[in-house]
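Structure below; questions to follow.
Going by the order they are written in, the chains are A, B, C and D; count residues from 1 in each one.
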Amino acid sequence: MKTIPVETTINGDSAEFLCHADESLLDVLRDRLGLTGAKEGCGTGDCGACSVMLNGRVVCSCLVLGVEAQGAEVETIEGMANGEELHPLQRIFLEEAALQCGVCTPGILVAAKALLEKNPDPTDTELRYWLAGNLCRCTGYDKIIKAVQTAAAEMRSA
Amino acid sequence: MRYVKPQSFEAAATLLHEEAGIARILAGGTDVLVQLKAEMVEPDLMVDLKHLPGMREIVAEDGGFRVGAAVSGAEMGEHAALKAMWPGVVEGVELIGSSQVQSRATMAGNLCTGSPAGDSVPAMVTAGAVARVQGPDGVRDVPVVDIPTGPGKNSLAKGEFITSILLPARPDTASDAYLRFIPRTEMDIAVSSAAVSLELDSDGVVTAAHVAVGAVAPTVLLVQDAGVALVGSKLDDAAIAGLVAAVEAACNPITDKRGTIEFRTKTAGVLAKRAAHIAYARAGGQA
Amino acid sequence: MVRVKLWGSLRALADGEEWVEVEASNFKELLDALAEKYPGLKPQIKRGVSLALDGVIYREAWFTKIGPENEVILMPYMVGG
Amino acid sequence: MAFDAQAERNFKVVGTRVTRPDGIDKVTGKAAYGADVSAPGMLHGRILRSPHAHARIVSIDTSAAKALTGVKAVVTGTDLAQPEDEAFADVAINCLARDKVLYDGHAVAAVAATSKAIAKQAIRLIKVNYEKLPHVTDVDEAMKPDAPVVQEGRALETVPAGMSQNVTTHCQFGHGDLEAGFAKADKIIERSFKTAATHQGYIEPQACMASLGSDGRGEVWCCTQGQYMVRANCAAALGVEESQLRITASEIGGGFGGKTSTFIEPVALALSRKAGKPVKIVMTRDEVLKATGPTISTSMDIKIGMTKDGRITAARGELRYSGGAYPNATVDMGAQAAFAAYDLEAVETVGWNAMTNRPKEIPYRAPGAPTAIYAVESVVDELCQELGLDPLDVRLMNAARKGTRSSYGPTFNEIGLVATLEAAKAHPHYTAPLGPNQGRGLSCGFWFNFGGNTCVSLNINDDGTIGVVEGNPDIGGSRASISMMAAEELGVPYDKVRTVIADTSSLGFNDITDGSRVTFAVGLATIEAARAAIKEMCRRVAKIWDIDEEAVIWEDGCAKPAGPNAGTHPPMTLAEIAAIAGKTGGPIAGHHEVNADGAGVSFGVHLCDTEVDRETGAVKILRYTVFQDAGKAVHPDYVEGQMQGGAVQGIGWALNEEYIYGEDGRLQNAGFLDYRVPVASDLPPIETVILEIPNPGHPYGVRGVGETPIVPPLAAVSNAVSRAAGVRMTELPMSPPRLLKAMTG
């Protein structure tokens, strides 16, 4: 199978890669671009661990073809912090112990940030439904929901 | 697998028509990529149409809305006028998958994939939605109810694909609702589902009613008798009993890992009843 | 002498006794004495056992001191998740 | 090691909520998990799995796969050694089948190729000729004398003659006169229960990268709960020496017991040995569900007698567990735990394990206990309902306490059950009003907790900072807890300590991260290692000051002259001592090696409110509160996290999670779509109440907390649903079709 050249923007930087037509964006990010922050928990869009932003919307990168990144803007967990300054969600996840094993954390942070950009003041119910596609097996979600709400409040007052 | 982005609908139709191997259309990708991963299908050709004119647009047309085939569930949910006119259709689309899936999944993809459990299909059927189909020989309009023909199957010919779906105009005193049953609160395939679309007169009496159920037969079913049971009523107990009886009678489900025949039949009736009450209230009716 | 309690399914291998007495001053001597007195217990002892000494469970610890004043209970080898 | 006699110790670091050391990497995507590394020249491995529940392997033809361009190695079961030890042999044969496949998904062969795509293609070119055999997946069916036999000759000597060969384990515990006890009861309830197998459901699938040379030297990077366990399993399966294998544990994306065994590492090593290159294998979710550790499936009978004022007079349980296609002793744990919360005059628990054509059971958080205690707590709840008694008062009346002869034998010392029950009774949750179709459920839970083999090395760096080297993968923040205990003991700030997890060649043997042992046992060894370093620092300072060693004490991170010398010298800080270590005798370090015991049993009580939809069988969890004796909570956030996470896993077990097998013996729901773990919107906040009753077996009073929280939810949810629905539920999961059927008859 021939590879296809793709030009895209990842975390604000232009990027070029070659990939096969049937490769997922997740495989491209992890195997070709060394961006392993997005994880494959299922490969079928059921766990959300591979969440990234594609043209301003949160997607499962396992359900996007690499070639679809042509001309698109992709944002991953690796682009969330501004240098050494963590995004409020990242910092508060640490402060409030909203992670245990941490493997679902990149996907949850990406998804939560997407929600707060759309809805800066979600109810717990809205937040829980928004994050329903991000499975976490360690925390029971409680500290995740609380941390996102703390971050949302801080971001609203900033 | 080859990946192609044709320059026109006509070119896409020709390409699909002439493909000797297995061809798939990439809309939201939320089904086809899962099938790829599971090695259920290995297409020779993947055709991406999202960039073609109108594919990602919602436009007003004849008092209703034409929704491009690549419009995502999230985009439909953000369209206030569409949501006000067909809340049941939009809530059905919005129930497909997670926030992540909502960014990609489409009504047209949900229809063409042919699942009897597709969340957007029952309300499209009760809304009388019409799909615009492009084929090698041109364009035709097909009622949505006629598209699915069985699990994983549809009535489109080789080379044909949907470019948009028209949700027609409706009177002011009308509305719709969609409900599904799933074991969790999110992330599941419907075990049973029901959509109800109602039109009322100024006294709140139902003048027209359409009821469709999902996941209880090889395709989504439009249950004519169930609609008939509601017409002329204000959803009194007798009318609702008639609705439930008609829905249960129409169900022809299977027992599988997601539910039993009895469970699907019983809950389809319950959901139709509940959806009818929601649609009635939305249409301005007061019981 | 130390009195040690066997769990139910081991009793058939130890003449039907629930409590057995052996000469021992630590766990190793206890296990050796049990295996000698009741050869039927050897496979279980080889697979592994835990011992509860006055309510505290030990998974191995051969040289833990025991005496007639202690409550000694034989238990299956513990596993966890 | 005993609890420090210092009553009311004033902790400075322990008990605070510091930031974990691995946190930045985990919120920025930098942390390297099992699948996140690659190596130059690396090949991609892939495994071919059985499509049959039970079949004889007649032949395997790998020639076409080997001939495919890009394929560098193909292995089958004969490429692994046949260890003599049964446990190692079972692991090896589970990694690659030899004569028979024992379940749908059993590994049969594997390839290593230059790309994932070629590996996938090569797998399809392997031709396996199977002779299908009759299969059995239900535990009750498997125990029947004429059931298909999964493996022959595996029964232990404790199994009575004449039973099906599938029955491998028999155990019995208890004391007292059952007959007399039941005769004293005013009400006896006897019920049968069934529970489905569930999976640990960690989000990170097993992944490894392995390299093995023809000289027998190898390296493995993998996600595991125990790198030393991986080393032992791989050495046995490959026939190489442990010293020659270096295993490095990656960051681990969840385990819950599920990563306490080995599935792919020996295969990757065997492929690497043949190909002469590193091989990476990453399991798919489908493979994880089909071929890694589910828990046991069960069938249980419970009979309990009670007086009309609520005293339990006798209790008997018979547990039939299946741990899949291999012998399994999890029922031993379940049978011991079943009645542990009660002070009983007459009790008996009998356990059986039967092999079925299902994947090999791997421990899942408190293995064996949740199901047994679910059945017991369901019958206790029903007795309370029938006799019109308050379920909490009845538990308090019958609660095991100091001096109680436990149902599994030993007499309890100080235990926290009564205090935990009293905390639940005093909590507003217990008396909050309920609406129509709502019900409140209560359950006690119990787990043993372990210590185990542990090595810790603690280094005093020349700049006055501390390095701790330990050998247990950090699943939920243990590096933070270990650093905190080192800081506490040395009297230095938390951020002066860095704890790292060693590979197998850098530190002596450590047991797996299991049995709720790490904060307890590694913490204990860390405190001892710190004390050894302190002793050495005091010795050095005594030389500098030219006074007796005993005249130097350690306080607030400084050496100080004491006794008659008090005040004769200004205190020396740890940093000052460290800076001149080279001049006073060389680097300063402490280490400790121990097989820790005295972990101390743990009790929890859960309260759950549910609402049922009488027309659909849907269950909503309205409110949930966890009460648990944690001993001293080193890092309260992560203690709460264990309690919340365990509770939600138990809620999933109660409501929707299950292994569903078809008539053909194949698993029908090997994906997160239909293996339904709880999602965020299914749940309310999980409230927690930590009781800190010091564990006498740990210097700071620490107790393991990780496993107990999964034990009570099964019955807490079932009791709540049964009360809300007005019908007693006896099967898990209580999926909506089952509940609706129970309600409508």
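The working rule: a residue touches a chain if its C-beta (ideal position, glycine included) is under 8 Å from a C-beta of that chain, and two chains touch if they have at least 3 such contacts.
In this text, all values refer to a predicted model and were calculated from it rather than measured experimentally.
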Of B-D and C-D, pair with higher C-beta contact tally: C-D
Averaged-CA centre spacing for the pair subunit D and subunit C, given as whole angstrom: 26
Rounded Å distance, subunit B centre to subunit D centre (Cα mean): 44
Inter-centroid spacing, subunit C versus subunit A (mean Cα positions, whole Å): 55
Mean-CA-position distance for subunit B and subunit A (Å): 29
Multi-chain contact sites of subunit C, meaning residues that touch two or more partners: none
Subunit D residues counted as touching two or more neighbouring chains: 200, 256, 672-673, 678-679, 681
Set of subunit A residues in contact with two or more other chains: 1, 20, 43-44, 46, 129, 131-134
All pairs of touching chains, each written as two labels joined by a dash: A-B, A-D, B-D, C-D
Residue ranges of subunit D touching subunit B (in the complex, touch as defined): 120, 286, 615-618, 655-656, 660, 668-669, 672-674, 676, 678-679, 681-682, 735-737, 740-741, 744
Subunit D contact footprint on subunit B (complex, rising order): 38-39, 181, 183-189, 191, 257-260, 262-263, 266-267, 270
Partner subunit D, residues of subunit C touching it in the complex: 5, 7-10, 12-13, 40, 43-44, 52, 54-61, 64, 71, 73-81
Subunit D-touching residues of subunit A, taken from the complex the two chains share: 1, 20, 27, 30-31, 35-44, 46-47, 49, 76-78, 80-81, 86, 90-91, 93-97, 99-106, 109, 124-125, 127-129, 131-146
Residues of subunit D defined as touching subunit A within the complex: 17, 19-20, 22-24, 26-33, 35-36, 38, 116-117, 200-205, 251-256, 282, 284-285, 475-477, 635, 637-638, 640-641, 644-649, 671-673, 677-681, 683, 685-686
